[in-house]
Amino acid sequence: MKVKVGINGYGTIGKRVAWAVNRQEDMEIAGVTKTRPSYEASTAIREGCPLYAAHAEDVDNFEKAGTKVQGTLDDLLKKVDVIVDCTPGGTGAKNKELYDKAGVRSIYQGGEEHTLAGISFNALANYQEAWGASSARVVSCNTTGLVRTLFPLQQAFGIQKVFASLIRRGADPADKKGAALNAIEPSLKLPTHHGPDVRTVMHGLDIQTMAVVTPTTLMHLHCIVVDLKKEVSEKEVLDVWSRSPRLQLVSGKDGIKNTGQIMELAKDLHRVRGDMMEIAVWKDGVKTIGSTLYYYQAVHQESDVVPENVDCIRAMMKLERDNLASIERTDKAIGLR
Amino acid sequence: MKVKVGINGYGTIGKRVAWAVNRQEDMEIAGVTKTRPSYEASTAIREGCPLYAAHAEDVDNFEKAGTKVQGTLDDLLKKVDVIVDCTPGGTGAKNKELYDKAGVRSIYQGGEEHTLAGISFNALANYQEAWGASSARVVSCNTTGLVRTLFPLQQAFGIQKVFASLIRRGADPADKKGAALNAIEPSLKLPTHHGPDVRTVMHGLDIQTMAVVTPTTLMHLHCIVVDLKKEVSEKEVLDVWSRSPRLQLVSGKDGIKNTGQIMELAKDLHRVRGDMMEIAVWKDGVKTIGSTLYYYQAVHQESDVVPENVDCIRAMMKLERDNLASIERTDKAIGLR
Amino acid sequence: MKVKVGINGYGTIGKRVAWAVNRQEDMEIAGVTKTRPSYEASTAIREGCPLYAAHAEDVDNFEKAGTKVQGTLDDLLKKVDVIVDCTPGGTGAKNKELYDKAGVRSIYQGGEEHTLAGISFNALANYQEAWGASSARVVSCNTTGLVRTLFPLQQAFGIQKVFASLIRRGADPADKKGAALNAIEPSLKLPTHHGPDVRTVMHGLDIQTMAVVTPTTLMHLHCIVVDLKKEVSEKEVLDVWSRSPRLQLVSGKDGIKNTGQIMELAKDLHRVRGDMMEIAVWKDGVKTIGSTLYYYQAVHQESDVVPENVDCIRAMMKLERDNLASIERTDKAIGLR
Amino acid sequence: MKVKVGINGYGTIGKRVAWAVNRQEDMEIAGVTKTRPSYEASTAIREGCPLYAAHAEDVDNFEKAGTKVQGTLDDLLKKVDVIVDCTPGGTGAKNKELYDKAGVRSIYQGGEEHTLAGISFNALANYQEAWGASSARVVSCNTTGLVRTLFPLQQAFGIQKVFASLIRRGADPADKKGAALNAIEPSLKLPTHHGPDVRTVMHGLDIQTMAVVTPTTLMHLHCIVVDLKKEVSEKEVLDVWSRSPRLQLVSGKDGIKNTGQIMELAKDLHRVRGDMMEIAVWKDGVKTIGSTLYYYQAVHQESDVVPENVDCIRAMMKLERDNLASIERTDKAIGLR
């Protein structure tokens, strides 16, 4: 029997996780919540996800709009083995008690603190930590992006230390409001939280980060400097990454010079919603000087954590012992190469 | 036997037309051209479109990049019944002689002048004009957008005159360069060419237009004022449009307030490449005052002309007598409702 | 003795009005308020404007930051003849009682309703309505822009009716947040409030408007269609405008093609803060077809209302009988030609 | 007698250098060139700069537009002691022969190669290298920015090595076209040229750089990591910079959180053209961990090199022996604190 999964918060991340879960053979969506009737609520119904009101007081609004709901979050919690909390950052912390009381396992997103679940998850780096766990946090899009390229480097060559500048997008494409329209804004509190967040899955890594927000909606871009424990060539680095999961090596020579063109590639690959769930690394933007490695990568903030949520369910529900096997099952089902 | 179609210029429009043609039961892609090896050239191969070099001198570049081509445009022209010219605006005019000499029917895009083919095409408004024609021009994305909503109004109520302000996007999402990054630029030559262009398919319509370019990549947006020949209610207008093909009625009340959210809806509908081939009209942005109608519509410049190209092939090749029947066949095959 | 003016709200508009008032020979700034210590509060001090805390509870914050304040708004009200309310839209309505109680004349900005003061003001169109008034509202940047070009047309030729599409900027250049970063958003409630707002100063004018917001920070741009009461040539129209105050005729032929280049012109004119207080009209974007006139204009939302506030003070304080004389005095003092 | 200065190319940089030169007591503008009549050509005349056509064939265009020119570049070269080449990047190299032939000293901008003049100039770091030189290159806006903060650090503490990520603006505010409208684009060729360029004035410095372009027009922003030769506190660093010329320490706590707000500060300081010729460093964005220093700075690409050009003239013409004295004279004359 398939594991029953609920999604609390059918928004940018929630709707994608729901879709990915329903593509797997060992799990399925039992229901999703929404606070308001909207085109995204209609999407849930169209995709065959039973719709629930997030709160009892929201039911009226749905009824007035002619959108039928199956009940409320409380009702949904009775029907699921695990709930994936995709509510806005910080809200998950308030919901945990509810999930615990209902005896339901829970997964949180990167907007929550590590301490909420005590376990922060990346399928490649620390799958086993979530084995059978009652709750876990899938790390943020940026942290996921950093781990996807750094972990294989650490395994292959050893890492002395890392510095990364994160050039963040200002808002998602469908957001009604966003960052300053024509300015760059630094995260003044240094070092930024991104470094410590990587250490929740790659324990003990020496990493410092700075970050700015820019007026664009498509992807984050990272400028990364890694002091490796040995001298390596660019080819050796690319060889490691070409064997690592959920990376997409792209090339300026092929006409992929900016984040807009990476998104175009995702569209050309007929990816659902135009998502690029892999981290894109520029092959011709990799440089080693002695044991220091410089590279650029781009992170699709709307989708890179989606397959990680699927793997996290599998680890928590003990559906698959081996992390690479889980990754392969997940990716095959959702059409990643 | 299926009609053999070639695409000269496998870029933003070309790759979409190729995909749409291959979804139809009465036509298929015999080959597409590209000037350079790139990720879009790889897309052609991945989508099963035989790849040709646009010019003999390009072949070397493809070979160096390890991308096999089937020949050049000249070779392709020997294998097709009709060629769809999707080269950059103004280039089509130079290619026509080549197509004519090869005895191949040809379709051009809105970047060419009306006089090139003498027939400008919109499936709803003047399908019959292209019947059996040796060449025709599918009108531009903006003209197509205007005709899709105006033609049904003219049929239902009669139109006295039209004024439209076109707020244009500055570049496509994957363009490397674009309009001014933080400015609005008017088209100073008044009235703009958009009004006369509508008259190439809706002959005699009294329409004037103004236009500006803005720093956004997603869609054009039109502010339209129509003096109808009779007083009508908003409901009557919406009733007409709800029965018209290739329109998507959206609503701010459902959370679709801007062009980013229309694109999100297209993604949520799992449209290939996230395309919204229909013209989006805001239901709650329609207002009638006496016999004057005000409304907003949004045009996905990358895709709205795609199904029109398919219908144009069908008219030119005499594959279907009735325009509404052709529209229905086209749209069903590519997943439009 | 100079009229004593207070500014409540030393922000985008307030700091500019303070500067302009201090350039006049018949009025001076007695003080300005700010809610928080910041670089703008420092600007007030540097420009010689006595600084007051907006509310008693704000005083502490200023003291902690080492910024000396002269008291609170209540203290300031005792020292002024007239207060210019430049607080965020809607806040002025709450402040009026306070001003009235202190027996101080008050001026509001376009973010307030017409009914608050009962008088809406534009120096060119209805200066006399504010003569000796105890309170008045200077209309918004967009309304001011429309009146500056429409009123002279009405005087010269008579106006049948007007339609305008307003392409609005999404945020001011120094705003921390703004509109959608990469989308166009229409004002769905039609007709928009801009038309009725013009009628508060040009009573009885037949005008309808539509509006969209775009991701740019510099200026609003209007596409305007005017049905005049007689046929006129473009030259006649330009002649009228060249004799009208606070208009800047620009030309694409001179290299001024977009709103960024108008702002560059203002910088090249060494305008303080790079402001373009005049409405910019494109000479080569003016077209008449019969009695219908089409034109584009750009509005610097941060500054066009500034000289209007000065004139409004003069009318309310009965400092100058003639509106054109007041306009000339104001403009000369602040360096407009 | 004042040194006679010519400007070849009265554009973004040229018009600013002309203005700054005319503010000095020991030099003056003898003429400026322009290729085309435009609003910027009118600016030259308004600012009292004799106007020359860049090439003989341009004279006609000026005459047709009714703009009087004093001759051509050749005529101008006969009247000047030194010419400041502000033509587009790469053009200076073509002009040098002309200047040399006319026996005129020449200054180039950062768009030219170091080898063109053999001397790259920054007033603080290597003023003496240009002493009496016949030609020199003022380094680019980004290099100038890096040197302004790094040189004082090197003097005070010694520098082991530097890494900087440059987040570049995509175009200037008045540019008609620019970078991708909604994407981030990395400079794939690593390490980027910015590091070596710093070494043309700070010889032997160990510095590596990466760079991206973002869709904004106002300023570049740098994320900088410096390994110093000793442990220092943030206060010690700020003390050094507060004594260094052409730096503006700003603070998020004062409401200056992004590059738009720095530009607002420049406007509030009534800087001509709203320029911020100093490099802005965020006081609350400075962090030291051991001997490693992290900080953010913003560079106004349109103006930071302007005072450097003035100092370079002074060094080449032997007008002032001491670099700090020259800097002080320059800055005082143009209103920098």
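The letters A, B, C and D name the chains in turn, as written, and every chain counts its residues from 1.
One rule holds for everything that comes next: a residue touches a chain if its C-beta (ideal position, glycine included) is under 8 Å from a C-beta of that chain, and two chains touch if they have at least 3 such contacts.
Note that the structure is predicted; figures quoted are calculated from it, not measured.
Novice: Keeping to the contact definition above, tell me which chains border both subunit A and subunit D.
Specialist: Expected: B, C.
Novice: Could you quickly compare C-D and B-C and let me know which has more C-beta contacts?
Specialist: Ranking C-D and B-C by C-beta contacts puts B-C first.
Novice: With chain centres defined as mean CA positions, report which chain is farthest from subunit D.
Specialist: B
Novice: If you average the CA atoms of subunit C and of subunit D, how far apart do the two points sit, in angstrom?
Specialist: 35
Novice: Quick one: subunit A and subunit C, Cα centre-to-centre, how many Å?
Specialist: Averaging C-alpha atoms per chain gives centres 46 Å apart.
Novice: Would you kindly tell me how far, in whole Å, the mean C-alpha position of subunit C lies from that of subunit B?
Specialist: 42
Novice: Among the residues of subunit A, pick out those that touch two or more other chains and give their numbers.
Specialist: 173-176, 180-183, 185, 215-218, 257-258, 260-261
Novice: Going by the contact rule set out above, which residues of subunit A touch subunit D in the complex?
Specialist: 163, 165, 167, 169, 180, 182-186, 188, 190-191, 208, 210, 212, 214-219, 221, 223, 225, 252, 257-261, 282, 284-287, 289, 292, 294, 296, 298
Novice: Any idea which subunit D residues touch subunit B in the complex?
Specialist: Those in contact with subunit B are residues 170-171, 173-183, 185, 215-217.
Novice: If you look only at subunit A, which of its residues touch subunit B in the complex?
Specialist: 15, 36-40, 42-43, 46, 173-176, 181-182, 217-218, 250, 254-258, 260-261, 263-265, 267-270, 272-274
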